[in-house]
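Both complexes shown next keep chain A, but they swap its partner, so chain B is in the first and chain C is in the second.
Then we have the complex of A and B:
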């Protein structure tokens, strides 16, 4: 019985996966878009890591509660505040660093959850077919046409101020259909491949086929879509915070922009207006570039195009 | 006449989706924590007015009867009275609808045309410097954070250079001036619309351009392009008449898929520019706990997105004979 299982598993996971990964990495790194994306992202990861430092140096650098006792209005860059302070004397640089941490947290967790739902639903839909497939895909169609930002907005009007994790969960709940369509299509092509037939003949259960044999084969695609979902999750959270419906207990970049805008500083304080917007745009750009570079690795058609350049 | 069946099928699907949204919204508004009556009836109303409204909306009846009344009221366009404006909600949102459609449609159409045109050009110059730069530019435009871009555009073009008005849709002095003709009023709206339109255009055209570029590159590998080359046709004819029309189809699909994203962007743009549209009204209503207005604005926005989806499908069916026949 044991040997039978092992045999099945080698059928599912073709030999040389490690070589494939190494080759994929080489292709990825050759692509300037992938390289720029990854370097940018590393910079932001450093920012997020550095966000723990300023509050340790001096309590006035706490992004939310720290106030410079000598400053009571927005001031430009100085030796004590490299990027200046906001309207009540909080340090903009430490807010910016804290914002990087929030953006990663929101982006990665929302993307992970939506990929989880999307992959699961896509695999079940593709594998089960018939009625289940039709039902799940109709639901996907329905969720897909909903503008996520406005849906979260109306929910926050009904349920009051949303916490950051509720926002993350809501974003995930509305951003799975795109992924599930792609995973479903991939599952449909896998379903009739010999190794799945072989697994079925040897008596593997449906669950085992889905998770042990189909899942590893759709995983790269799921990871690819995760990078795009990170982008959209960060944008939705930032937009929500910008409109004034973010979690008031967190300092996100969208929140910073909301403060600039609502306190009427947008024409007077460029040192305050520019950094958060540039950060949101560049971080989403970096994930987007990463995704496009991964796409070229995963899709041989695009890769050939890249090689001819 | 396959196309008639296709349209009817899509129409049925879209009506069904809208019906589900309508129902979910009903349930959310009745089941959310708090008193449903206080959500639909302004607490500052006189008791008699409040009682009349409660009866009109059926808020004192069992849930299933409330639901039927809700559906009936929806068909009659009765959404209650706005807390903030004190007017029937339907009047307010119908007044905002054309403004949203104007901005939304013109920005998407403009972005699609420019995206297709530029995508076509750069795909022909693949690997050259212009291709690299335009592609990177499109990527950057596509990922710019919209509200921030809007603020920067206002700052530069309205505040600093001063070419365009800061916010709003019309100048009061022109619209109250009885001698002002239609042309002058139209130009006034265009003047106000220039900046929001630019913002939405910049956000959208990048992704359409990228789709068009990669779709063109796919198309160029097709046999019929080789045939066209073999016939000795010149490059411009191959590009414009043989490759581009086919390559543009995925752009239309991508316009359809990104409609929800576009309406989010529209709401943000309207809010920053105080453009009197549905998106801004929704944000405003949510900020002020004006529940009847929020509910109705959301429904109408959902209807706009669904209708736009249908229009995109129809355009696709018209352009792609494989669906038409």
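Then we have the complex of A and C:
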């Protein structure tokens, strides 16, 4: 989309694709929202990477099974446990680090899957048109109006505890319609552009047109939506876990909040309650900021303003 | 380039071509009428020749192009390519036919994929043409680029690095990649600067001589059409108004609409008063209304020469001279004083 609209000026100095990417990156970095978002995300990525360290130092720092033999109740920050321990003496900091890893895993994989389904269905729907379009979009409408959290809650009460990957898959399965709507609209505008017709005339197959011509042109938009989907996936997983429907075998921030709540430490142990809560907020915020900054880079009108400076 | 068994067979023969678009209205999007975008068009392009198709915007020129290429399905009529009927072929059957007729688009910005290098865009045609080896595709791409006057290293670059004229050259190179016999040029120069227009026109002419191409050249610029085309068809509201050899059309225009179009050609010499200044003054401009598709003469409401008898005339093409047809019985008769 954007490259088609930018630089209509025939006198513009030739600029390579690399220059264009560099220009986009400069614009992104110029944006304080993008900068803050990226730095925040880098911090969390560091946390997720660091989550492998504490269990190696001492088995008592294992986020799930490691228990400090001298502590059997929730304690505040100390030299051995920088953020304190939970009700059975597990280290909160190592839980928090492990939670970052889970949040990234859940967020990125659920978002990737929903973008994958959404983009594929959107492109097929927009390109095929007619009957296929109507059918796919009606299905999308039906899925879109289902409240994801409620449906997953019902499913987990029907089938018992859900594994973390099942939760990820369910989130993806319920979050594709919004993406497919946007991608379909974009495909519709692309479909009648002359280069698609030219490809058809030179004998390119439908599959080739979809994947070689349409897909690269909707990809930036799909990536943009992916950042927003990460946000919603992390929140849904946290909410599920907090309500007690999470995977009991994983330490996610939602699980930590659930333990705080269940053991009645909600108002007794702020050192236990606050870290996961703040982390959920900040991580989702960082993805959201990243998306907003990307949006500005990808929007040709906003981009033009940025370049004229 | 290629020797054909019978040079008398037109490379493209269109007869009675009709393409209607539905007009949808209301909540349920019911079809409330049809726009007769192309309403019974007959065209014929002899091999190695250029047929010009002129008319104002919205008269159905581009729809003819898209329907001939079967990017749109015709409502009725026959499209014969090299003697083969193609109006009812399936998508798969069309493939070998399509690569013998290519299109060059009006908009040089929209006609290239912004995310593919120029070389990739051209090589796509080569792949479809059956050149499997990447090295061969690369050398052929370079060859094609040089053929249209671009350097071979342009292949590595992206469309936004080129000017409009250069992009149009790339569009021509892509069209030539499958070695077509007929190239449909859908207003290939109207989006370009005047200085660049001439270059592209000369390129097209040069390629025609070298490769023996046939052109269906769609334009609203009569000067260009007169320079490039052997025959010219004038289209109005989905119908052919007049068809004649280019010389005859310019020297002896018969149809009132053709005369009006010719009078609108700007006169480059300012000391001479252009005919347009007179012809277009205070003129009640009637929009062509293909939606209504009235019986009888389609130009009636906008015609300056109309009189009471026009209402009853049959809507058909009348012969004027050898190869000169006009959709007006009165204009076909005696030489009218224009």
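In this section, the second predicted complex is superposed on the first by the 283 of 309 C-alpha atoms of A that agree within 3 Å, B and C clash if a C-alpha of one lies under 4 Å from a C-alpha of the other, contacts with A are read in each partner's own complex, and residues count from 1 in each chain.
Everything below uses one rule, namely that a residue touches a chain if its C-beta (ideal position, glycine included) is under 8 Å from a C-beta of that chain, and two chains touch if they have at least 3 such contacts.
Fair warning: this is a prediction, and the values are worked out from it, not measured in the lab.
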item	value
Chain B versus chain C as contact partner of A:223, first or second or both or neither	neither
When both partners are placed on the shared chain, which of chain B and chain C touches more of chain A	B
Touching partner for A:159 - first (chain B), second (chain C), both, neither	first
Touching partner for A:204 - first (chain B), second (chain C), both, neither	second
First, second, both or neither for A:64, with chain B first and chain C second	neither
For the chain C and chain A complex, residues of the former touching the latter	66, 69, 71, 95, 98-99, 101-103, 105-107, 109-116, 121, 124-125, 128-129, 157-161, 163-165, 171, 174-175, 177-178
Interfacial residue positions of chain B with respect to chain A in the complex	13, 17, 20-21, 25, 28-29, 32-33, 39, 126-127, 139-140, 142-149, 151-152, 154-155, 159, 214, 217-218, 257, 259-261, 263-264, 267-268, 271-272, 279, 282-283, 285-287, 289, 291, 294-295, 298, 301-302, 305-306, 309
List of chain A residues in touch with chain B within their complex	33, 141-142, 144-150, 153-159, 178, 231-232, 235-236, 238-239, 242-245, 257, 260-261, 266-267, 270, 273, 276-277, 280-281, 284-285, 288-289, 292, 301-302, 305, 308-309
Residues of chain A that touch chain C when the two form their complex	1-4, 6-8, 10-11, 14-17, 20, 193-195, 197-204, 208, 212-213, 216-217
